[in-house]
Structure formats: structure tokens, C-alpha cells
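In what follows, chain A forms one complex with chain B and a second complex with chain C.
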Partner chain A sequence: MNMKYRIEQELFFLLKCRAVLGVLALLLVVSGVSVVLGLNYVAAERQQIAELVQLDNEERAYKRSLAYDYGGAAYDAFHAVWNPPSELAFAAIGQRDLNPTMMRIRALAIEGQIYETDSVNPELALAGRFDFAFVAAYLLPLVIIFVFYDLLASERESGRLNLLSVTARNSRILWLPRILLRFVGILVAILVPLWIGIFIEGAAFGLLFGASFAVTLLAVLWTGLVLAIATRPVLRSESIAAISIGAWVILTLAIPISGKVYIESSVSGVKGAEVALVQRESVNDAWDLPKSVTMDAFYASHPEWADSAPINEEFHWKWYYAFQQVGDESAAELSRDYRAIMLVRDELTARVSFLSPAVAIQRQLETLARTNLSASLEFEDQVRSYHEEIRRAYYPVLFSEEPFSSERLAQITIPGFSNSAQLAVE
Partner chain B sequence: MGAIILIATDELRFWRRSKIAWTVLVTLLLVSTCAALVSNVEVSRRAEERLAQQAEADAIFQAQPDRHPHRMVHYGHYVYRAASPLAVIDSGIDSMVGTSIFLEGHRQNSATFAAARETGLLARFGSFSPAFVLQALAPLLLIICGFASVTREKENKTLYQLIGQGVSGNKLVFGKSLALWVVALLAILPLLFLGFSSTGSDNFGFRQSLYSMTFGYLIYLSVWVLLIVSVSALLRTSAQSLSVLLGLWIVTVVLMPRIASEYASASAPSPSQIETNLRIAETMRAGGDSHDIEDNAFVDLRSVTLAEYNVESIEDLPFNYRGFVALRGEEADTEVLKQFAQERMSQELRQKSIADSFSLFSPVVAIRSFSMALAGTALQDHHHFLRAAEDYRFNMVQTFNRLQMSEMTLAEDLARNDGDEAGRNTRVNSSNWAEMPVFELRPLDHTQRWGAASSSGFAMGLWLIVAFGLLLLSSRQLRS
Partner chain C sequence: MTNYALKASDLEVVRGGKTVLSGMSFEVKQGEVFALLGGNGAGKSTTLLTFMGLLQPKGGVAQVLGKSVAEQPDAVRNQIAYLPESAALYDHLTAWENLTYFLSLSQVQPASESLRAALDAVSLPIESRGRPLKSYSKGMRQKVAIALALLRETPVLLLDEPTSGLDPSAVEDFHDIIERLANNGVTVLMVTHDLYGACQAAHRVGILRAGQLVEVFEADADGNIEISTVRDLFLQQRVA
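Then we have the complex of A and B:
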């Protein structure tokens, strides 16, 4: 009885085992559906972004045609920013549905603009997405449990175990082919749709390898766990199934939820609403403060305009944009703290992922797909620096108090938003 | 009846001896109680946080100095969404939606700062609430308790003894169901206690909602009990029964809610916020800029108003015409904003009803929707908050616009930027801000909550009938 013969033999057994084949087919279908849904999702996002960019340009050009002063032109000029899905985003949509994928920002205080969210139907969002990461985190372990729980017990309960053990030269040649074959079957069923998706999206080989490796690791882990339970000779197959499901509940539901409760109750600090409130207060207070207070604060951070003429009027656009900027500066520390808290939560989530493979695989896939927190914060940084570019573009005409002319306004050009993720798509 | 109870007590006695069943029972009660306690602490913490934030925002608003009323229109106000008392049982969409809205003139902001966004990845793994325990975990534990309830008798060859002694198939399955049902009942108790303590003194019928909700969970778990015993009676071996029941659990509890929401969002896609904002801006452009009384959009308004008061020029009107234009402008803007908001809410409700129709494939989809609606943490409650905030916003802005109309003349208003003295003339006493009524969200009442829950309740009724039918069918099979 050599290995090759045994594998052929097991393949024959497997093909006759309807229950296992059925579950593998189901996994293939479910994984396929998740990939199709993910692909549709990112396609719809790209479509929306393309439409936005078009609409945005038209709207801005129209507004600019109505302008009669520089300050007003800047006030009305919204600029689109967007965070396009990466080539692997279809597999792990992550928090993309809650974080804004696109915004329109203008030269006013950024803290008042950056927390706007896109419209999501909260009741649909609550259920979570049916993406590949979900299939890997939740269903893959369940399929593994189903395929392996009665590997030994079924033979024992049907009375064949002793006979098999006697005929086989060693237990390795008896069990290894069967385990290996089923394991490969599971991997093929879950990964092939992913590979097709990656091929369609044209993602790099590194991503394909990374995602497949993570899924394989998860599968090895669960197979090991289930086999460890299943090979306990005292257990009946029902008990093995019940214990494995218990392990699944603990690892996939109980630990993440407890982790969430722990994180939410232990990490408290700046609330987003506070940042917005502080910025708002600063901007509003400025109307009642002497103009020199605002302007001095502004010139302190923008010394290049410090020799701009003093303001005698009740209202001046350069003062208006100065207090917007001072508002941002006054909320900057809170804003940084707010981000820092999110990062602390993320760090704790990383620790939870050591205890829960479901959290680990989601984190890993979201990291590869750039749909995680750091990608979202990176987008925020890009928006902030683009915002700076926008406001600084208007400062020369405002602070040197150039008389208004459409020709001069036309010279103020701000290149469209671009980000690294997008370059990777094209 | 006696035979049914006898069988039930016998089953319960068996569980007491069996290690697994005993572990499951203890786990279920423990988890259910812990969830109640944790959820109580968590939800009250969040509720207090929001109350404190609202109080802070109110204090800051009321402490504003004398100001030109239109400054206050742009200064705006923050309102926070108070939590429903039954959120301790089912927090529903609470963490998915923003907790605060900034209210200002000329525009409707969205609710921002959803907890889920701040929590990150773990937000979607469910919550440790009595609702989650009862919806997802209790059925699983009931399965592990009951999958072998009838197959065990078959495997031990005791089934035919029982039938030989004159126990009918019906009595056997009813007895087994009764035993399992007692477990389900125990699991629901913590929910009832918790709900009872958190709906102490309210006038919005949350107590009634709690009763309806408890009844709903009773039906839901009964459906599972009947399904479990039916499957156990229909199949030959315990192993088969277990795999079928686990498969059923995976499909209905893990898969279906996500499939339902994916299907709903794919079949009725909603436009992005930006696209809507652009459309709003386009529609509002026609309404004119109410800051500018010379705007062409207000030509008609001017002539009509002059004719109505029978005066020659806007200076002769008995009120400040700038304030009047602001008032009318806000009215027109709000009309547009409301229309778009309504459109979006209807779209969301349409998506929800598509997702809810999956109740026919999974009792979990039904109970989720039923429970949220009665807990006051569903989509319609969020919409109710949005509407209340919008009404509050409109009244606030119009109060300021009326102050601008009555507290200064047009000449004073136009000269507001000509030095300190002129500026002071157009400032309104700060007592006006302090007297503004604070935002108080009156929750929907029980009838409205019940109205939103009834269709899912109906679906659960159907499931109960189907499950009962299956049980009768399975008992017929036992006899042969």
C-alpha cells in the first residue's frame, strides 16, 4: 500500500461521500457569491467616484463663473476628494461602507468638514457585509468542523476502525491521505473564487499570495484544532461536533465581542463631537474678537503674510479665512488625540486577534486590501494636505489684496485630487 | 397531558445526568445573565455620556452673548440622540448611526460620529446584549441540548418500548418539546428582569413593548424548539440530526441576515450623499440667496409684500425686510431639504422592507427586525430622531429670523457693519438664547413601534405554524 495508491483510493472515497462533497460545493458557491458581491460593490464605488469627479468639475466651473470676489470664489469652490477601492478591496470591504469614500471640501476649516459621513442604511450595515473576509472568518471554520469532526468517530462507530488499523502498516498512511485530500478540497473551494476575483481586478501576485497564505494558515489552525478534538478516543461524534462548535462560538463570537466591550469601556477620551464643537466655538468666537487677535494668531503660523495690510473694515475675506485656519489650529490637538484614540483601539484589536483567528484573518485581509483603519487615516491625511493646498492657493490674492479680475481668478488652479491608491488601480 | 409532562420531566432528568446538556444549560443561563448585566452597564454609560454632552451643548448655546440674530443662525446648535430605555436589551442600529447632529440655517447636516466607526473592526462581530444571546446563541445551545432528544430513544431502542407502552408519537414529541421549552423560558427570564428594571417610569409604553418583545422571543425560541424536536424525530441517528440542525443554524443565523442586507442594497441602491447634496444645491439655487434682498429670486416676494402692506418701499414696512426675506428663504430651503430627506428615508425603508422579506427564509431575520422595532432602536426610530431634529432646527432658525424682523429696522440692519455703535443696535439680548426650549426627543409610542414590528411578528407566527406542522408530521413518522 503506497502513498500514491492511497491517495487515489481516498479520492475515490471522497467522490462517493456526498455529504462532504456537498459541503465543499456549498463553500465554493458561497465564496463565489461573496466575491461577486464584493466585485459589484467596488465597481459601484468606482462608478460613483467617476460620476462625482465629473459633476464636481462642472459645479465648480459654474460657481466660479458667478464669482465677483476672490473670497467668495473660494467659499463656493468645493473640491472632490475620494478614496478609491484597492484591487483587493472586493475581498475585504471592512469599514469602507462606514467611512466616507468621497467628500467635497473647500477652503473653510477642515475640522468642520472631514467628519462628514456618506449615507449608509444603518439597518443594512448592522448585519455586516457578505464579503470574502466574512466567508473566511466565519464559514471556513464551520466547513472544516463539518468535514473533519467524524473522521475517526464515524469509522469507529461503524466498527471499521479496528479493522482499518490492523490492515494499515502505520496510522500515517491510513489517515494522512484522507486528511490531506479533504484539506486541499476545502482550500480549493474557498480560494478559487478569490483567485478569479483577483485576476479580474488585476491585483499583484503578492496580494494573491498574501491572501491565500493567510487563509491557508487559518485553515491549518482550524483543521489542527478540530483534529485534536476528533482524535480523542473517548468522544462520540456528536460530542466532537458540539465541542468544536463550542470552540467556534468562543473564538468567533465570544472573544471578539468581549474584546469590543473591553475596548469600548477601557479606551475613552476625546469624542469626535468634541473636536467639531471646539473648532466651531473658535470659528464663531472670532466674529466677536478684535480682528488683530485672530490675525496675530494666524500670522504666527503663516509668517509669510505677516506684512499684509491691517484690516479696518468690519468684514474682510482674509480675516475670514484666517479665523477658519485658527479654528483648525485650536482644535488640532484634540483632533490628534481623537485619532490617537482610534489607533489605541486598533492596537488593542490587534491583541484580540491573537486570541481570535476570526479577528486575525479579517485584520490581515483588510490590511492587504487597504480597507483598514490606517488606510482610512492615510486618506484623511491626504485630504488634509489637499485642503492645505486649496487654502494656500487663495492666500496670495487674498493677503496681497489684489483687485478682482476673472483673468487672475482663472490663474488660480488647483490640481485635482490624487492619491497613491488610485495610481495602483490605473 | 400527564404522559407529556412525564416525558418532559424524564428528559429534564436525563439532562441533569448528562454532562453536555448540563454544561449547556449552565452556559446559557450564565451568558444570558452576563449579557444583561454588561449591556446594562454599557448602555447606561453611553446614555449618560450623551445626556452630559447635550447638557454641555445647551449650556454653551445659552451662554452666548448679545448677538445679531443671523449670527446665531450660523452659530447653530448641537442635538444628541437619547437612547431608548430598551436599548439595554437590543441596541439595534444604535452604534451604526451618528449620535449628534449639528443644526444650522440653510442646510441639513447628517448625524455624525457613529460609534461603529470609532470602534473599528470589532463593531460588526455582534454585541453582548440579551437580544444577541437570544437570537444567535440560545438556538445553538438548544440544538446541542435537544438534537438527540428523539434519536437517542431510537439509538437506545427505547422508542419502541415507549410506543409499545401506549405513548403516542404526538405525546412523545410534545413532551420532548416541553422539556426544551422550559430551557428556552429560563433563557428569556434575564431579558424580562432587565427590561422591567429599565422601563420603570416612562410614558411611552415601553413596558408594553417589553411584553410584546418577550412574547416575540418566546415565539422565536418555540420555533427553534419545535424544529429541533421535529428534526430529531425525523432522522435516524443523532449524528444526522446534529449536522442538519447545525446546518440550519448556520444558514439562518449566520448567513441569512447578511444575504438579506446585501440583496436589499443591491436591488435598491441608494445614491451617495454627495450626489444628493449636489442635487439639493442645484434645486436650492433656484430659491435664491436669502442673505441678499436684491437677489432676483425675491423680486416677486417684494412686490407682493409691498402690495399687501400697501406701502411704497421696503423701508416703510412695519418690520425689518431683511429678516422677512431670511424667514421666507429658510421656508423655501427647508421645503427642498425636507423633500430630499423624505426621499432618502423612504429609500432606506424600502431597502429595509426588502431585507425584512427574508423573514420567510429565516426566523432570525424576523426576530431581529421585530426586536429592534419594539426596543425603539430601529431605522424608524432613527428617522424619527432626524425629523425631530429637523423640526427643532427649523423652529430655532425661524425664531432667530423673527427676532431679526422685529428687533431692528431695515436701516439699522443694513448699517450693522458701520462701527461699534451701529453693530450694537442690531444685537439682540442674550436672554433670547437662554429662553430657547431645549431639544427633547419624544420617542415613538408603543402603537407606532408595534406598527413597525407587526409584519415581522406575522412572519414569526407563520414560522410557528410551519414548525408545529413539521412536528406533527414528524410524530406521524414515529408511529410507522
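Then we have the complex of A and C:
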């Protein structure tokens, strides 16, 4: 006679508890649905990126064939940039829902191109995505509450507790297998779909371990909290349920919402759309300014072209691209401020996560999935660098005013956008 | 080494700020059946809970087979089988499954023959043994609980209103079981307000009132307790 037999009996007992089994099955289904939706989401993104890259190449080649000056060729040449989803992105969509993950940029001012989407999807930012991180953060604690809240109270209220206590060799033999099996059941129900998703995506073991560990830690925290309430001998089961749900409301809703309100009110300032607006106003104003004002500003930051011939025409492409760049420079400080504000807010959100397990698990999964703010900012940096490559590729022919020839245009090569995950697309 | 299986020495137990047992002392010898009679609130169930280690006495000592309940609760519980008034088993399990599950808590893996013998002993109909307990009458559930107590094979049996819900025939069977267990050396402490049942099954009957043992009646040489004497005192105590 050993613990194995005891666990077998407890497993049999669990399999006879329809309510608990029903909730575990529901968790399994919900977790599975979130994983399937996430996999579909990233598959669609990858498909879009693949199509974007192919069509982008075809369109650029076609537009070049029609070009009759370098400025127009640059103007018509869009270049695809993309931030492919990582192998774990299906589990935590995170910032990918808010910030652009694929764009077509050209040699015009970049800030407006980056922040263009800031004014189009604010509602999605509020609702968020139904992904695995959501299931773990919000639904998992509810399942834990349901499974454990009346663990002791139901036995006490049915008059069974005394018989159980006297019959059991000790309280460890009575409660440990029961708690352990239910806990394992919860973990299996939520993690198996995740593991299948990770297997399909071919993610590294480290990601599987990291995500599983984070979810397990959250489950341990909630189980401990619910059991701490449920084992209070003075509480009836309905009181335990009410207190546990109250804790869920505070930890997963009240604290994150209060934190969001506090962060937004205390760290206010520039918005992405404002950066785009300033840049565009600068570009628009440039049409009415003396060209020398724009060119002097441009040459100050690009002295290598300062000896370019003066502009006497009413319109010249090099003036056009100069005021695009000056527009970016005029918005640069604002853009840095915006970035700083996002980082401060992110830092404050990290502090809120110490008070809210829901925020903590979402941040952890987004970090592992590279769908967090730093991944978005990294992508922005890559886009800016790539944009600089594009415009600097055209500057020699624009500022030295080389006569147009298709052969010379063909020599202007811009390597395709690449980042660490590009291979995943190819 | 004492030959007392159960011993209460000047027990004082407080529940919810109210003194339920006060200066309670008695002993039960090995193989003896001792019944505590008392009205509602007399402290009968509290006495059992104290011997089970589920209530801590404020004063005095409860001992089972020479071991202090307060100091060695787990060791004491392994020597005790308990039959609650309301046989609170699991409704969604069958009799067989209930017995197997509860015995696993005692780390006992019973043989099928043992289970069958125990259920035979309490006369649980064979055709009902594979049905969930939710379809059982109160008496049938009580029989399953008695079977569990028998299967534990402990030297001490604590019974809380054991014949509650049983039909007269089942009560007779139960008293036979108790007598057989006592003859095999099992010590039985039963609390009840079934005066006649107590006098029939017990070697001694104690009258409990307001947490104190006020009188103990002992069976004569023929094993009989004068029911009328016990009844008169019991009713007198209840009126008081």
C-alpha cells in the first residue's frame, strides 16, 4: 500500500466529479480555441508578408520600367518592410495588434509612414485580442477558483469532513492527492493546446519551458490564494466563492484598469499621430518657403551634398526629398519624446505587474513571444535604418544631378529589407 | 500500561465561547461498549469529536489506548473508526466505490471478498451495491457507513447516533454486530438519545447533562441494564 494507490483512487474520484471535469474540459476547449485563433492569425500574417514581398518586388520592377527621372523613380518605388511573427506570437499577440507589423515605405518622410496607423485602430487597442495570454490571465484564475473554492467547505457542509479526517491516516494523505490532481488537471487543460501550438510552430524548447513555467507560476499563485481563503474554517462555500471572485476582480480588473488610468493621466504627452502631423505640416509648409531655407537645413545635416548646384527651377526632386528629410528632422525630437513616453509607460506598467498577476503573465508571454513594446520599437528602428538606406541610395543621382538613364537607375540597388526573422518568411 | 481503551480525565471543552464539556471523566475498558445518553446540547457529539482529535480540550486529557489525543492525533485516529449520525458518504459513488475510496485514505487496499463480507454483514441488498448512493435510503447509507467502520478493523469504534434511520430489523442486526465486535475486543463508545437501544447494546450507560456525566449504570451479571431506572433518571435530567 503506497501513495500510488491513493493517487489512483483520487484520480478515479476526480473522474467521477462531473462539475470539475466539465470546467476542465471547458478550459481545454477555450485554450485550444485561443491557440487555433492565434495560429491562424500568425499564419495569415506570414501569408500577407509573403504576398507583400512578392508583389512589392514585381510592382517596383514594373514602376522602374516606366521611370523617366530619378526623383519619380524613387517616388514610385515602395519597399516592403515587415516584422514577422515569432514562433510564440500565436500565444500572445500583444503589441502586434496595435503597432504596424508590415508596411510599404518609400524615400519620403518616414515618421508619417510609421505612425500613420496610430489614428486608425484605437478601438482594437481597448478590446485586445482573444489569445492564449488572455485565457491565462483572465480565465485560468476563474477556473482555479471554481475547482478549489469549496474543496474543504463542501465536505464540511455535507457533514463528511469529520469522517474524512478520522478515516485518513493524516491530513496530507487526504488533501495532497486531491489538490495535486486537480492542479495537474488544470495545467494539462490549459497547457496541452499551447504545447501543440508550439510544436506546430517549431519553437525552441526554451520558449516552451518559459511559457509553461510562467503559466504554472500563475496557477500556483492563484491556487495558493484560493486555498488560503478556502481553508478558513469559519467561511461557508458561498463566502469563499465571493471573496475569491472579489480577489479576481481586484487583481485582474481593478488594478490593471486603475494602473492604466493612472499611467495615462500621469504620463501624458505626445501621441504618434501628432508626430506624423508635425512632420506633414513641416513638409506642407516647405512648399511655401524659400527653397534656400529648406536646402540650408538639409545641408546642415547632410554636408556631403552641400556643394550641390543651386536650385533655380520651380520644382526640383532634390529639393522635394530635402524637405521630406527636413520634415522628419523637424519631428525627430517629438518622435524621441513619444518613444520616451512609451518607455516610461511601459516601465510603469511593469510596476503594475507586481500587483496584478494578469498584467504580469501577459507581459511575460509577450516578452517571450517578442510581441512587446521593445520588439515594436526595435522594428521601428529597423524601418528607420532601412528608410535611410533607401533615401541615401537615391541621393547621389539626385544631388549630383546625373542625367537620367535606365542603365544608371538599374545600378541603384537597394537590398531587400531583412531582419532576424526574415528567413521564416522565405 | 492501562487496560482502558478510552479515558477522559476532567475534560473541559469550549465551543464558540460556550463551555460544552466541564469536568467530564470516564473510562472505557477494552472490549467494552459504553453508551452516553443525553438530550440535545448535552455534549455527546463534542465528546466524540474530542476523542477524534477534531476539538482541542481547554482542560483535561482525552486518551485512546494510552495515547493523548491532543499530543498524537494522527496516531490516535489510526486506532479509531467513526460512524457519524448522518452517513455523509459520496452520493455520486456506489457503495463499493465509497468503501474503496475511504479505505484508500487509511492506506488500506481491501480485497473484493472483504468488501463483500462487510456489505453482507450489514445486509445491504446485493442489487443496490452497484448503484450510486444518491438512490439509497438513509438507512441504506447508514449500512454502508457501518460497513466502512467494520472494514477499518480498528480497536476503537466511535458511534454517533448509530441506529438513526435504521429500520427495527436493521437495528437488531446492528446490535448483533456491536456485540460481536465487543466479543472480539473492540471498544465501542456510542452517543445516542435512543434509551432502549443504548441499554440493549451497551455494557454501561452514562447519563450526560450540560457537559457533565451525572450517572453511570452498569449491566448486571446477566448483562442487562434496568431500563426503567435509566429512563427515570434520563427523563428527570431532561426535565431539569
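Keep this in mind: the second predicted complex is superposed on the first by the 407 of 426 C-alpha atoms of A that agree within 3 Å, B and C clash if a C-alpha of one lies under 4 Å from a C-alpha of the other, contacts with A are read in each partner's own complex, and residues count from 1 in each chain.
The criterion applied here is as follows: a residue touches a chain if its C-beta (ideal position, glycine included) is under 8 Å from a C-beta of that chain, and two chains touch if they have at least 3 such contacts.
Quick caveat: nothing in here was measured; it's all calculated off a predicted structure.
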item	value
First (chain B), second (chain C), both or neither touched by A:Ile173	second
Contacts of A:Phe12 with chain B and chain C, given as first, second, both or neither	second
A:Val249 touches, of chain B and chain C: first, second, both or neither?	first
Superposition-derived comparison: chain B or chain C, residues of chain A touched	B
Partner chain in contact with A:Arg351 - chain B first, chain C second, else both or neither	neither
First, second, both or neither for A:Trp287, with chain B first and chain C second	first
Touching partner for A:Met342 - first (chain B), second (chain C), both, neither	first
Touching partner for A:Leu139 - first (chain B), second (chain C), both, neither	first
Intersection of the chain A residues that touch chain B with those that touch chain C	none
Interface residues, chain A side, partner chain B - complex	19, 30, 37, 40, 44, 48, 51-52, 55-56, 59, 80, 94-95, 98-104, 115-130, 134, 138-139, 142, 146, 150, 154, 157, 237-239, 241-242, 245-246, 249, 252-253, 256-261, 263-265, 271-273, 276-277, 280-281, 284, 287-288, 313-315, 341-342, 345-346, 349, 352, 358-359, 362-363, 366, 372-373
Interfacial residue positions of chain B with respect to chain A in the complex	20, 38, 41-42, 45, 49, 53, 57, 60, 65, 67, 71, 74-76, 78, 80, 92-93, 96-100, 102, 109-110, 112-128, 132, 136-137, 140, 144, 147-148, 238-239, 242-243, 246, 250, 254-255, 257-262, 264-266, 269-278, 281, 344, 348, 351-352, 355, 372, 378-379, 382, 416-418, 423
Complex contact set, residues of chain C against chain A	49, 52, 54, 74, 77-78, 80-82, 84, 86, 88-90, 92-93, 97, 100-109, 145, 148, 152, 158
Residues of chain A that touch chain C when the two form their complex	1-2, 5-6, 9-10, 12-13, 16-18, 158-160, 162-170, 173-174
